[in-house]
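Across the two complexes that follow, chain A remains constant while its partner is chain B and subsequently chain C.
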Partner chain A sequence: MIYTVRLGSLSVRLARRHLLIGMGLLLALLIAGGMALQLGQFDLGAGDLWTAYRGELDKISQMILLDHRLPRVLVAIGAGAAFGVSGAIFQSMLRNPMASPDVIGFNAGASCAAVLAILVFGSARFVLPWALTGGLLTAALVLLLAWDRNGKSGIDPYRLILVGIGASLTLGATSDLLMSMTDEQRAADMAQWLTGTLNARNQADAALIWGGLAALTPVLIWLQFPLNRLIMSDDFVHGFGLRLAGLRLLITGVGVLLAALAVSVAGPLPFVAFVAGPVARRVLKTGAPVLFAAALVGALVTLGADTAARMLSVVQLPAGVFTAVIGAPVLMWLLVAQFRKGAL
Partner chain B sequence: MAADSSSVAFSGHRPHRLMWLGIGILAMLISALLSLRLGVRLIGWADIGRALFSFDPDTADHIVLWQIRLPRMVGALLCGGCLGVAGALMQALTRNPLADPGLLGVNAGAALGVVICTIALGLTDPAQFIWAALAGAAIAAALVFALGGNAPSGTGRLILAGAAVSALFYALIRGLLLVSRSSLEVYRVWVLGGFDNVTFYMVATLMPFLIVGLVLAFAAGFSLNALQLGESTAQSLGVRVGFLQLLTGAAIVLLCGTTVAMAGPIAFIGLIVPHLARVTAPTDMRWLSIYSAVYGATLMALADLIARSGMFGSNMQAGVMSAIIGGPVLIWLVRSKGVRKL
Partner chain C sequence: MSAEPRLAACELSVKFDRTTVLDHLSVGLPDGQVTAIVGPNACGKSTLLRSLARLQKASSGQVILDGQSIAAQNSKSIARRLAILSQSPVAPEGLTVRDLVLRGRTPHQSAWRQYSVEDAAAVAAAISATGLNGLEERVLDTLSGGQRQRAWIAMALAQDTELLLLDEPTTYLDLPHQVELLELVRKLNRETGRTIAMVLHDINLAARYCDHIVALRGGQIHSTGTPQSVITQNMMQDVFGLSCTIIADPNHGTPHIIPT
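After this line comes the complex of A and B, so read on.
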């Protein structure tokens, strides 16, 4: 069953299956968000939000709910969605299931700069600006080195991937080396930052990630259309009359921006960007770029990881430890399920 | 006539390609000899010859050579060669330029084995990590194959399964390291990958695994050639794709598992050397493997030589060194259009 939604000269085709699954994921996200709000020493939950907002609750409850729990949940959802979309658009653009923002070296550059900042300043205080600068510089450098001036397509996916690997592994090895050169305390600080955490997020963080997402949403909605064509070969894309070079540059820019937003509020949470696309594609059973579903899956994984991290109160572990612990089994389960059915 | 022209084309390429192999072997021998000679204590050529052929246990130079330099050199050459072959196999199997042998979960499994070992048994000496690393590598690879292998048209799944298992293991490692400071202390040195602790005993212990791995690799080579034409074409040529995956996977696991047990995780050689080899080697997988082995061994020995020269501080190790040098080299190759597509 496929619906067609028309709006003037634009039309969008929606399969009922996809709508239902999208709503299911959204519902799951809402339930998970509600549960995450409930979690903690004080007996407060999503039901108290409205009274807290009106200022009818006592000061402490209001502070816990509005300044701590709600921003944390919002940041988890926002950062997860940003990572998920970023990964999904890189995977579609490069036509490679292993691609993610890491491919363009953003994460490696950010991590290396962060490690350097901790090594130089001795604490994790100035890490964020350094990490963002490092990530953006690396991405720009990789893009510059991969840019093909002669060809029509601007960025050759194969070339971008290889240049990205080169940059990522060199920077990763440098981080490892820097980490081995320092004392125990700094090494622990580095390991902590490199894992990615959602501890102590405030309203400013939530505003940053959601503001960024809101600003990018129109671009992302529009990107769905060219991305659907980009998964075909370059010749086809030319045949459709799309300008490959400019399009690829735009997509890379959007992807890096999303990753930068997510890293600035949650650190380099591993695996979210990688897993969201494949899981979304397998749940929806389509090869098309599925940005909205990838955003939901990324948000679910991140929120689940953070909730798991909070529930384990014996040892304080950052959320980054759990993103892969939650994401990887989901991917494995989907692989096994498909294997049984003989699909793929 | 057709056979004639093809043989002309074939012989037209041959001298060129053998020249590159010759250059590679020469470079490998030179770097091997240099790594015997150079170090904190410079050993003269004549002394090297005397130490090798008439060993005198009272001469300090001879002891340094036999106890430290020679095992280290042999370890570096073996590891580099095996990683090169494993990388060529992995990229041929998955037909993905991003594929690195670590993708089968071998490095992640070995690392988890080492971390668990340091926490549960309190081991801190890298020489004791061999079996933990080997067992971890085998378990991870078995898990990857159970999830993604042995299916017709399964290479895409193999990649995803490998990435999922690796990510899961690295997450466990991160968690354990954040809990246990003492294992972070051991891990952050081990993860650099190097040949500081290689002994002849270690090489001899791991040798059988390496030999079996190499035999399997060359057995798989011919069918992998057919696989380069695509899975369906390979199937119609009579290749059993599922079995081939298992065979190649077993070879990769054996080669990488022993390497990671000997020297720790060395990421770059397996990834970059096949790309280097593809520039000069013929497309035949078996030739490509030989080229990759020679180039890998050379690069590894050179990286170890530079790492222990002390130019970059005492923490520098061959694994890190090869990655730091290899990155720019790969980028340069890509930009000069020297890299042939898979």
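After this line comes the complex of A and C, so read on.
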């Protein structure tokens, strides 16, 4: 069942299945968020948010809820959504489930630059511009090396993945090297940051990621249209009169921006960008670039991983450990599926 | 037919690295007719078709569409006049016939205008022209090869262009489906006056279903004209290196090749 909405010159189609599943995922996310808010030594939860907001709660409860638990949950959801969308964008554009920013080095570039910033400034407070620059520089370098000068399409998807994996490994090693150049305490902080953690997130982090997402949402709604065509072969994209090279550059910019935003508030959480798109597509039974569903899946994975990290560990384990635990089997499943299809 | 065809190649050369694929080739597609491009493997048939549709950049020379170089024209405006269906196209997973055909409307759409009344009408017309009624909501992977190929043609039709280029539309189809597809192509030409050009391997079928034949050899035009004038023993020997006898098709009178 597909609904057609027409308003003046605006016309879109919405599949009921997608709407229902989207609402289901949203509901699951709200429940998971509520549970995450509940978790901790103090008996506080989502129900106390309103009284806390009105300032009718005692100081300590208010601080715990509004300054600690809520930002942490909001950052988990926002960063997860940004990673999920970023992954779905690259996977659709390059028509390959392996081509997510955490596999092809963009996240590694962002975090390597962030580590450098922590090393230089001694704190993780101003990492966004660094993460963004690092991500964009890596993307530029990887794209330049993967650029297909003979064709009209701009980027050669296979070369991009190979170059990207190379860049990812090199930048990871560079981060390790930077880490070895500092004292033990700071190196330990960096190591935790590099695994991806949501410990001690504050309201500024939440505002940053949600502000970024809000600003990019109109662009993402627009992007669905070209992305839905880019998942077909290059010939169709050209034949339909779309500008492939320009679109790929623009989409890369948006994807890197999303990944860098997420990296700067949550660190390079492994596998979130990678699993969100394929899982969303599997749930919706479609090959389309389902950005909204990928955002919800990314948010659920990240929030789930962070909640697990808080619940299961005596010491504070970084959430990245758990996203890796979730992501690694998906990676193997994708590899096997691709191998069976003869795509590898 | 007017003096100048709407779509023509003029002194067109295409090189891949150092290999010359098309060599100073000039050819026009007669308006309102069905043209077949024939020739042996690797003679540049597909490259010619792709160049005509601006999918392949010219190394020198140019392609002229409506009196202007195609390279100088807006790609979206070209897409409203000229549609091309590439060889063995692949669709994303889970795409329904209707969704696929709707993709053909891309040059008439925008992010805000994804399903106008005209889009719906063009999709319905394309689906009925290709005999796919009742299969609209079927997922492409579940169709037979012949149905799938018709769905791709329907997508190109929904683009609503006067010029339609098909790259080996009969590949992977068995003989009855090849005939069915070529019947469809000719019907589309006769009913709507579309100019259609396609790359075909089967010369006997090309002779039967096309008005105009372009025979290519080594990136150059060997001969062009009606099937009767082009498909000769000499051409078969020169272009394909095949010695054969040519008889008149007992059903249609078109040239029919019998290899000796």
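In the analysis below, the second predicted complex is superposed on the first by the 270 of 344 C-alpha atoms of A that agree within 3 Å, B and C clash if a C-alpha of one lies under 4 Å from a C-alpha of the other, contacts with A are read in each partner's own complex, and residues count from 1 in each chain.
We adopt the following convention: a contact is a pair of C-beta atoms (placed from the backbone, for glycine too) under 8 Å apart; a residue touches a chain by one contact, two chains touch by 3 or more.
Computed from a predicted structure; not experimentally measured.
Novice: With both complexes overlaid on chain A, does A:S233 touch chain B (first), chain C (second), both or neither?
Specialist: Once the two structures are laid over each other on A, A:S233 reaches chain C alone.
Novice: Which partner does A:L19 reach: the first (chain B), the second (chain C), both, or neither?
Specialist: A:L19 contacts neither chain B nor chain C.
Novice: Examine A:L30 and indicate which partner it touches, taking first as chain B and second as chain C; both and neither are also allowed.
Specialist: After superposing on A, A:L30 lies clear of both chain B and chain C.
Novice: Of the two partner chains, chain B (first) and chain C (second), which one does A:G241 touch, if any: first, second, both, or neither?
Specialist: Second partner only, chain C.
Novice: Examine A:T174 and indicate which partner it touches, taking first as chain B and second as chain C; both and neither are also allowed.
Specialist: It touches chain B, and chain C stays clear.
Novice: Once the structures are superposed on A, label A:S11 by its partner contacts, choosing first (chain B), second (chain C), both or neither.
Specialist: second
Novice: Please work out whether A:G166 is in contact with chain B alone, chain C alone, both, or neither, and reply first, second, both or neither.
Specialist: So A:G166 only meets chain B here.
Novice: Applying the document's definition of touch, where does A:I221 land relative to chain B and chain C: first, second, both, or neither?
Specialist: second
Novice: Residue overlap on chain A between the chain B contact set and the chain C contact set?
Specialist: On chain A, no residue contacts both chain B in one structure and chain C in the other.
Novice: For the complex, give me every residue of chain A touching chain C.
Specialist: 4, 6, 9-13, 150, 152, 221-222, 224-226, 228-229, 231-233, 235-236, 238-243, 281, 285-288
Novice: Taking the complex as given, what residues does chain C use to touch chain A?
Specialist: Residues in contact with chain A: 16-17, 50, 53-55, 57, 74-80, 83-84, 86, 89-95, 103, 106-107, 109-117, 119-120, 159.
Novice: Using the touch definition up top, name the residues of chain A that touch chain B in the complex.
Specialist: Contacts found on chain A: 96-99, 103, 145-146, 158-159, 161-163, 165-167, 169-174, 176-177, 179-181, 184, 187-188, 191-192, 195, 270-271, 274-275, 278, 315, 317-318, 320-325, 327-329, 331-332, 335-336, 338-339, 344.
Novice: Within their complex, state which residues of chain B touch chain A.
Specialist: Listed in rising order, the residues are 96-98, 147-148, 151, 153, 156-157, 159-161, 163-165, 167-168, 170-172, 174-175, 177-179, 181, 184-185, 188-189, 191-192, 267-268, 271-272, 275, 313, 315-316, 319-320, 323-324, 326-331, 334-335, 339, 341.
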